[in-house]
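First the structure, which I've put down as structure tokens, then a few questions once you've had a look.
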Amino acid sequence: MPKRQRSWRNWWETGIEWLLAGAALVAVLTTLGIAAVLIGESLPFFRVVSWRSFLTDTQWTPLFAEPRFGIGVLLSGTITSSAVALAVAIPCGTWLALYLSEFATGRFRESVKPILELLAGVPTVVFGYFALYTVTPLLQKLWPALPGFNLLSAGLVMGVMIVPYVASLSEDALRAVPMSLREGAYALGATRLQAAWQVVLPAAFSGVAASYVLGVSRAIGETMIVAIAAGQQPRLTFNPLEPAATVTTYIVQVSKGDVPYGSLGYRTIFAAALVLFILTLVFNLAADWVRRRQRVQGCVL
Amino acid sequence: MTNPATIGRLGDRAAARIRWARQLERGFVLGAWALLGLLAVVFLSLFAGVLQTGWERLQPDFFLTFASRRAAQAGILAAWVGTLVVMAVTAAVALPLGVAAGVYLEEYARPGRLTTLIEVNIVNLAGVPSIVYGLLALGLFVRLLGLGASILTAGLTLGLLILPIVVVATREAIRTVPQSIREASYAVGATRWQTVWQHVLPAALPGILTGIIIGLARAIGETAPLVTIGAVTFIAFLPPAPFSPEAPFLSFDWLWAPFTALPIVTFDWTSRPNPAFRPNAAAAALVLTFLTAVMNATAVWLRYRLRRQQLW
Amino acid sequence: MNNSVQRQPANSHEPSHVLKAETRNLSFFYGDKAALREVNLPVHARRATALIGPSGCGKSTLLRCFNRMHDLYPGHRYQGEIRLYPDDINLLAPETDPILVRSRIGMVFQKPNPFPKSVFENVAYGLRLRGIRQTAELEARVERALRDAALWDEVKDRLKDSAYALSGGQQQRLCIARALAVEPELLLFDEPTSALDPLATASIEELLRNLKVHVTTLIVTHNLQQAARVAEFTAFMYLGELVEFGPTEVLFNAPSQKQTEDYLAGRFG
Amino acid sequence: PAGRGFPVIRVDGSSTVYPLAEAVAEEFQRNYPGVRVTIGVSGTGGGMKKFCRGETDLATASRPIAASEREACRQAGLAYYELPIAMDAIVVVTHPGNVQVSAMTLDELRRIWAPEAQGRIRRWSQVNPAWGDRPLNLYGAGTDSGTFDYFTEVVNGKARASRGDYMASEDDNVLVQGIAGDPNALGYFGFDIYYENRDRLRPVPIARAAGQPPVTPTVETILSGAYAPLARPLFIYVNARSLERPEVADFVHFWLEHGAALADEVHCVPLPPEAYAAVRQHLANGRVGSVFTHRPAVAVSIQDLLTWPAAL
Amino acid sequence: MNNSVQRQPANSHEPSHVLKAETRNLSFFYGDKAALREVNLPVHARRATALIGPSGCGKSTLLRCFNRMHDLYPGHRYQGEIRLYPDDINLLAPETDPILVRSRIGMVFQKPNPFPKSVFENVAYGLRLRGIRQTAELEARVERALRDAALWDEVKDRLKDSAYALSGGQQQRLCIARALAVEPELLLFDEPTSALDPLATASIEELLRNLKVHVTTLIVTHNLQQAARVAEFTAFMYLGELVEFGPTEVLFNAPSQKQTEDYLAGRFG
């Protein structure tokens, strides 16, 4: 091959590599873009409202004549509804994943998993109205004092919505564990459950944990279900039996509403979203760090 | 089951332990069945409810008319067209970017800070709430770039939203292509790009398609980001056609057109005070769910075929 | 550990009271595909028996029948019997609980497969499965197993470390210790050294020679010299059939079958 | 720039006016096929902002233009017409079974909703012992709606001054659902929302002061001014330059002509016929600007504001 | 094809004009780990050279240096030279284009790795890469390569079928044809028969013997008999070092090193 051809080829190959790298960098740019927009829009907000009061105030009434900006109020709703959702999704999802990967026959698994994935795709608006019109009345039969809007029913439905994610992703991780590990356990006389719980699950831990993290992210970021069924009342509470607003609820409420661009009220949604973003960022980074550390230790298969 | 005594030599303690483990196992399986049953009941009642409410509205007219203040006359023409058009833009954004990023990370990137940075970012973006993407779009596309609440804005937003899904799917698909195929290609003198383009990508294509479809299925139901970019509008017309009989024949005006989409009308109708809109909302939700189901089913089918065709 | 056990090449037609196990007309099917055909293999008690043969001849398949490993996969089917002595039960009988079979018959695999747990917990795992809880007993038995596996000195200060921190050869010995800890009556090895370097191989072979004092072993190997070094009996398999069985020296030096001779001479495989 | 390349009438603004605007747009497009109308719901403030930047042709408003918005329009050199098109009222409602509460005075309302009431007024009996010793659960229009602004201004004397511990929702249906299911509920929102759900809710007659007769909100009482101060006019603001485009002029005239019938249909309270005539006259005369330059925007009667002089 | 080429055991210290290639003080590192140490291996033109040694000794690593396969992975590092004759260029020099190297030096892998394309396209691929477009030329060269790989008669009616429809042995010969089609000067084989059954192995060995008429071959094998059967020269490697090199008959019958002798006697590995 003549030299000229080689250099042309090298240019072409390098050009392509740069192009691909550019595409990969879009992920970084997106993160930066999110950070820039959120910080840029909330900077003027924090010029008016101090970080201190933002983090410690116990009231959230940003659009009132005498506004109060205690993000803790919204966070309490987010945390409570997410906790309810995860209390449902993580045990149920793990249970199902273990069952599907270690017990179910191949054919059963192959037919259940697509259904799970299909359920994971049901639009959340639909779940929201299911929570409000079906689950809440049902819960009220058991618990007459339950208000029509409450974090419990929103959280439960959110949990049900997240179960398929956790189950499907965990199952992938469990099945990726090499058969040789299972055989090692079976060869010692372990039952399927013992092998699954004591050997396969720890071996798949990082993948299973990743599914939990995604579940948590979904719960924290879920908007429509809580907006519809949890009530949109900013209230500092960790009681799932009460109505409350979450960070996402507030954002969508304001975006749907009439707050003019550029006003302080408008900027609150960016400040609130910034908190949400930092929350999921910290969470995902921590999980990623754990995963990487584990990989270094060689426990990941 | 055998009485452990007949196989002897293990001792009572071990035998008791094994019996206990077996019982636990049975409990676990029963529990899993109960759980599956419960989930089935929940989802069936969900679908039954929606179906019951919305069934009557699923007439041809419903798909062929625009929104109306009269519930009985309101249709989803603008909404489903909007959804399809926005999905097309979303795919056009996410597919090339996601596949390129996936190829870069799997085939080109050397381990190092930059690669780690990109990987961490992708993992993280997968967890960023969709409403935050909505605010990114509001600040960047709508305001800064002045694209307005247009089809382009929505497509870009949802495209970024599903980018991590496409990247991860691409990477997984590429990883299933055995190294031996690459080495075979290099060994006859192919360059990296030739290897990727001629061997790796074709072999990974079904997996990549599965990923993009699952991503689109996720995007199609997203409401929050569209609400934040301000897409809740009354739209009783379709975007301009991309083709015209006169020169220049092709036009991209539709990218800048305002739009509405299925999740938006669903949300709008459900939040209307007039209960007569409830069946409309349910019917729109059904259409949306059906579209999602079709997409997911396509993905499942693709994956199934892929697994059957797996040659290595 | 007693190194002085003598080799007593036994006659393959010895009465069964010195047999630990025996396959009777054993056939095995992966779905429709027959992988074993009418295999009749005696396994002498407290001796090492080697299974040799070209790749794909069914060595691993046969070995895995002994602890019902095939039960884990759908569509796998046994025919015939494997009798375990002195109880004289049929391991393959449907009424025989595979968990109990596996509790009595240990196995070591081609690639080391330690659990993602500490060194100690790896060895203790089988004991815990049998309901042993007392720390003292656990510690004593883990130590004994590690000593028997000639690993104790290397890991006694690292019992809490992850098993993955060990080298390949150490991991394989750990897997042997894990199998030994529960005092199996029969120990199956599937090419236990093929993934290891020469030094690690030598230490495992040494171990194999010593084990025979109390354990019966059945070893699949592709290394003929290894078979010659560690096993009293050798079985040569080909295309799912047992072609020849006999005392190792006899089989290697005076094979009765043409196929065995060709294989040993390296004419195929 | 929404709708690049094809003519669109862009309307944005009040959520209160939205149902009416939607009805007008729907009918208009039926009569003038080919003209496209989009209606956004950015709220009165948001709509005004876009309007003053010249991004929209019409702004719908549930309150008169504010001083700052007038200033913005002046800066942009933008002339506009202010056209009252209907009346709206805020209705105070309870659960239909809540018969103890037969009427309320403005003062009682203030005691319930004042900022000072937060956390303290939690039972009905604290306001009026006759109402029973039971929890008082409050619901109200979203805090970023014109309804909230107007209600707080009228009741608490200062716009946006309110207690915060109540269920505030942008989603009208959420409120209706909440109040209809809660025997201890008290809430407020727009007349149309109440009217759509009148069989599930009970309106509370309001007295201007103790001793005065309580007035139930009906079309008649709202139009006659008897229900003041919780009734208010709704406006559209039209960009004078846009009005030169024939389709915009057609749209505005269509609105003035058919607005009354349509308002009736969507449960806004239409203006009396002579008021529409007066508005049309103002248009013909080119009377640009607002009449609220120096006047309060609370509790005005429609007759008054049609006769006041306008200025930009 | 000419089967009558005589074997001429050559002296390993022959002048380099009959050498096709030669490594000079070649060391190789996987990251920090040295896998080859100062290897000096001559490769005689139009002869077969076998690389033998226990698992993990670096045979594959050495082989893959010849076509710069290691370039594909980050952190891999060469030291020393591989000179290719008669051009006398250093294959490992940074300015040597690895793509060019691979265009001249073919490779066949342990497991058959056909592309998921038709039989014809598999063989034609390398030709297309070199810009050959005319159907006639492609067809002629594909046919010649398939004939050289002794596969033509079996596949001439199935050229459009997927390569995966062939048997393992046929796939491996297809991979050889793919490598032959571009007329490499040097052909590398990494345990080309270890995944094949005895019959397929025999046919590949036959092919290897015939190839030497126009191609120089370098073959990694773990089967000593195979080395004896196909190679004129044999190199014994151990722990990353070249222990002994010589004409096959000399090395097998009179090894000069103790390690070689031990290995050939099966005392390790």
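Residue numbering begins at 1 within each chain, and the chains themselves are lettered A, B, C, D and E in the order written.
By our rule, a residue touches a chain if its C-beta (ideal position, glycine included) is under 8 Å from a C-beta of that chain, and two chains touch if they have at least 3 such contacts.
The UniProt protein names, listed by chain, are A = Phosphate transport system permease protein; B = Phosphate transport system permease protein PstA; C, E = Phosphate ABC transporter ATP-binding protein.
Please read all numbers here as calculations on a predicted model, not as lab measurements.
Visitor: Which chain's centre, taken as the mean of its Cα atoms, is farthest from the centre of chain A?
Guide: Relative to chain A, the chain whose C-alpha centre sits farthest away is E.
Visitor: Measuring between Cα centroids, what's the chain most distant from chain C?
Guide: It is D.
Visitor: Could you tell me between which two chains the number of C-beta pairs in contact is largest?
Guide: A-B
Visitor: Would you kindly tell me how far, in whole Å, the mean C-alpha position of chain E lies from that of chain A?
Guide: 52
Visitor: Roughly how far is chain B from chain C, centre to centre by C-alpha average, rounded to an integer in Å?
Guide: 49
Visitor: From the C-alpha centre of chain D to that of chain E, how far is it in Å?
Guide: 85
Visitor: Can you list every residue of chain E that touches 2 or more other chains, as numbers and ranges?
Guide: Residues 99-100, 103 of chain E touch two or more partner chains.
Visitor: Show the residues in chain B shared as contacts by 2 or more other chains, in ascending order.
Guide: 18, 21-22, 191, 230, 232, 270
Visitor: At which residue positions does chain A touch at least two other chains?
Guide: If we look for residues of chain A contacting two or more partner chains, we find 9, 189-191, 194, 228, 256, 261.
Visitor: For the complex, which residues does chain B have touching chain C?
Guide: Contacts found on chain B: 1-2, 4, 6-11, 13-14, 16-18, 21-22.
Visitor: Can you list the chain D residues touching chain B in their complex?
Guide: So the residues of chain D in touch with chain B come to 1-6, 8, 18-19, 21-23, 25-26, 29, 36-42, 171-174, 176, 192-193, 196-197, 265-266.
Visitor: So in the complex, the part of chain B that touches chain A is made up of which residues?
Guide: Residues 18, 21-22, 24-25, 28-29, 31-32, 35-36, 39, 42-43, 45-46, 49-50, 96-98, 100-101, 103-105, 108-109, 117-118, 120-136, 138-140, 143, 160, 163-164, 167, 191-193, 214, 217-218, 220-221, 223-224, 227-228, 230, 232, 263, 266-267, 270, 281, 285, 288-289, 292-293, 295-297, 299-300, 304.
Visitor: Quick one: which bits of chain B touch chain D in the complex? Just the residue numbers, please.
Guide: Those in contact with chain D are residues 66-69, 146, 148-150, 230, 232-237, 240, 251, 253, 256-258, 270-275.
Visitor: For chain A, which residues are in contact with chain B within the complex?
Guide: Residues in contact with chain B: 9, 12-13, 16-17, 19-28, 30-31, 33-34, 37-38, 40-41, 92, 95-96, 98-99, 103, 110, 112, 114, 117-119, 121-127, 129-130, 133-134, 160, 163, 189-194, 213-214, 216-217, 220-224, 228, 248, 251-252, 255-256, 261, 269-270, 273, 276-277, 280-281, 283-285, 288.
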